[in-house]
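Take a look at this one; I'll ask things after.
Order of writing sets the labels: A, B, C, D, E and F. Residues in every chain begin at 1.
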């Protein structure tokens, strides 16, 4: 309870809630698209840079197992999502595959929120977490889209184009590129820009607060669609992340991650992409209904994780590490 | 004189003057609209947050009277404006009501400048000033528009829509929302983002400097209209704020506000809205001439308050508090 | 070698390289135009302000000779460029004049990178460097366009319009305006915003890093045109800046500038404008081929200076000052 | 190609009117509309927005009857006090039955 | 004035389709195109982008034959699953031979 | 509905030309114009701006005579060296007397 309260009263959770309320009272207010993009560029690049600087201190041994379990999560989560939706939820092939592409990938904002949360709980995660984030981003999308393309017997010729697009998209350039830049520059050069990009500093947290205000507005503007998706998807959007989150936290712990690191990996597994996945699915599986995949990932799973999921995975992680 | 000089040589007054000069030398330069909006979002949200954190320390007694006099100012200033314009200035009903809607409301930027000024003079205002700002924002607009609608015998069916728009607009969401977020998060959480949002810190002041550069450009681009509005409105734009400013400072002092707090309340009363009021008036009272209300509020009263009014109200406040 | 390595591993050089790579892997990623403009406004205004504050400490004597050599460079560099291109490169009058307008002017971003570099080498440049930057910006453009207009026997009636546009453009307003604002406000007021605008601080360096990421993308998107411009221009884009850079560093040293100051003046002479010059040339000399002047200034000279030129001019300056 | 001949009405107006105009269009029978931000100059230069000269450009594909109703409304409700300009052109629309 | 009479096809579509549509236009014989960002409302309100209601407006000046091919393609490849609207109008183009 | 039949000239051009073109339009008799930012591809791909492929789209409603003068001017002054495209269409304008 203490931990949940700490999360709910954090600036970013409150700003997110304010964004939702903004939409509920039918305000027209939102951040300009360019400011929103600018903030996300800053946040992602900061994460990449910091991760790169810290990756310089990591040994091969400490990274190997976490990489393996992350890739395993990237293959398993789209499949579990797909089968639950097909078998239990009776969704069409296209719809199930479309949603699976979202839950098989990862939400960078949720990841950032988890990083910020565990740091505030003094459970500093490993420095190579951004590496894991980039590894988890694309496999899920491709596995899910491949299932959809095969099952609906489509040529799937655009899968390669989709792969290129995901791998060269904003998130990837900034995270992987930032990582390499951080790795190359080293501690000394990092010192000269740390006051700006430090992911524990006030600039990062302030930018994150403003960003989550906007994310709340975006999520809130989808709330009107909640009644369109039916009770199954509502429940799915909460239960599935808990299952994936527990699985990810457990695998992370097995792989030797710290309390904070395992929490963040669990959160990644639990989160659903709503930036990389939607355009990929829209172009590759046009029959999949966007209302289903956008509403479940953005209006259900995303707020759930930000407000309740992250502290929950943190407690699971503490328990698995013999603490709590 | 010392105080006036201190104000005129402050970064924000100088940046504002530079913006005006930029237009006078016919430069095309201006900040991108999105950056301008982004800066205003940051400034307003910072004010709300800080106000909320400080409101947590205020007692009911200390807030009650300032709230009462603020609401009184919200009712009186549109009426004085309207009657001066009708009786002395011989303006039409629509034009008088349109201008009254601007002078009855409040300019958030002028408010921010006043807050920054009194803090730099070590006259820390009360923590609940943002609350007063939000209270003063809408009544004036509605009273003035109601007068206009009744007198020109228009159905006025859109008054309710206007009310909703003003109450859910950017300024309100960020100030009221920020206040609630600040109140909920408390000192401890505030500490983690204070380095970014602190209204006395360099980020806030730097953003404010850039913002006032743009405001100078916006005000300067209206200077060409000064000759269109006639000598009466020119004088009105300087005399009215001084009267309202003195009244507000006096009422604030009576209500128990400190030197800084009374100065800020006086500045609010003296200021004229040019963000919330113009679209409301344009839609509700289309016969009112925009050149009148935009030029007087933006090209006369706004620069007057920023450069000369604020230090003047500060001296009045000092005198009323038995200092100076 | 040490110095070159220090430069290549600096955050801004690495971010610039990342931007180039972003384009080479055909990513669609780029900063929103408004964010890019916002960053450039912040950087230029910071430079102006800081320069103004420091100009307050300078004596007339220390400034006079640097001003003279800067103006001399502004007259000489367009002429050398024009004749090399005409005589050695056999370019048409329009093309040679168009390119000369670029190399006769100065790239503000290269200037900023040079300032940041020499400061990181503890070779603090003179406080009035922004003054020199503004002096060097326009003469080259006008001399080159005048040559072009005379030689192609065009009326040249728009030269005056071009002059006004260059003198009132973003760079000028922010640098000259910032300088005056900084001069007027003095050390005391500067203290309250130094944490935001300080050109040695993390906010400035962080913003510069993001800005150079985008500049790398812009430069990289021109790389496809490298094969269109032919081998002569490729060599020209590297040799010309070295010659102008050495000349500028030498003249700066003669004029009494410090190691850092002479390096920065050399860098200015070596750099080619790609913000002010292109539209001026496009409107005044439409027959000049944009592929030539944009590619040479943006895809050759700019990256060369950022990555290799600046440390080279620094070593020349050290040698000329009897150090190194 | 199977097309239906319809009317396209273009309105250029002050930004504050966007919401008012588009909701009126739907009320008068339009099935959709497309809005683009633009800037311009006209006979008045009235601007009740922070950005001088900015306006919205609204395109709506409708039947001739609805087009007439739109023009009639715009003329009566907006022309006296607002800077609005309206023109109509004839277009061939695919899947045109969606718009009538 | 020497002009050639051609067709102008306007397509309004979801932003994710921009790349797909414009490369198809060139493939079908268009020599260029102009794209504007816009927003709008239609019968579906499907939005697979962060910005609700946002769309792209593509204008392409082509010969009547290419116009027909474009409409045919759009109808078959996009109408079933995507929010696309297409209309054609007749225009007189200067230097019109560049576009056929 | 009372409308006047006029011409609408649309010009798509490089952004550096906006000021030159619009002031020329007014000089030649236009009473106003509407400008939209757009992007596009054509036969040249020349770009003298930071943003590749960006262009401005200028619409101007004028009498047939002014339309002809505009096209004539654009053809002579801009076609040789600049990436400009121009087309004309016929429109029915409300309050059309304002534009002639």
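The rule is simple: a contact is a pair of C-beta atoms (placed from the backbone, for glycine too) under 8 Å apart; a residue touches a chain by one contact, two chains touch by 3 or more.
Treat the numbers as computed from the prediction; the structure is a model and nothing was measured.
Engineer: Identify the chains in contact with chain C as well as chain F, in label order.
Structural biologist: Of all the chains present, none is in contact with both chain C and chain F.
Engineer: Looking at where chain D touches chain F, is over half of the residue numbers used by both copies, so same, or under half, so different?
Structural biologist: Chain D and chain F contact each other through largely non-matching residue numbers.
Engineer: Rounded to the nearest whole Å, what is the centre-to-centre distance of chain A and chain D, using the mean of the C-alpha atoms as each centre?
Structural biologist: Here chain A and chain D have centroids separated by 42 Å.
Engineer: How far is the middle of chain B from the middle of chain D, if each middle is the mean of its Cα atoms, in Å?
Structural biologist: 36
Engineer: Where the centres are mean C-alpha positions, what is the separation of chain E from chain F, in Å?
Structural biologist: 20
Engineer: Spell out, as numbers or ranges, the residues of chain F touching 2 or more other chains.
Structural biologist: 36-37, 89
Engineer: Can you list the residues of chain C that touch 2 or more other chains?
Structural biologist: Expected reply: 32-35, 38, 203.
Engineer: What chain pairs are in touch here?
Structural biologist: A-B, A-C, A-E, B-C, B-D, C-F, D-E, D-F, E-F
Engineer: Considering only the defined contacts, which chain F positions touch chain C in the complex?
Structural biologist: Listed in rising order, the residues are 14, 16-17, 20, 46-52, 80-82.
Engineer: Quick check: in the complex, which residue numbers of chain C touch chain F?
Structural biologist: Interface residues on chain C, with respect to chain F: 33, 36, 218, 221, 275, 278-279, 281-283, 286-287, 290-291, 294.
Engineer: So in the complex, which bits of chain B are touching chain C?
Structural biologist: Checking each residue of chain B against chain C gives 9-11, 14-15, 18, 21-22, 25-29, 31-35, 38, 120, 201-203, 205-207, 209-210, 213.
Engineer: For the complex, which residues does chain F have touching chain D?
Structural biologist: For chain F paired with chain D, touching residues are 1, 3, 6, 8, 22, 26, 31-37, 61, 89-95, 98.
Engineer: So in the complex, the part of chain C that touches chain B is made up of which residues?
Structural biologist: Answer in residue numbers: 32-35, 37-38, 41-42, 45, 164-165, 168-170, 173-174, 177-178, 180-181, 184-186, 189-190, 192-197, 203.
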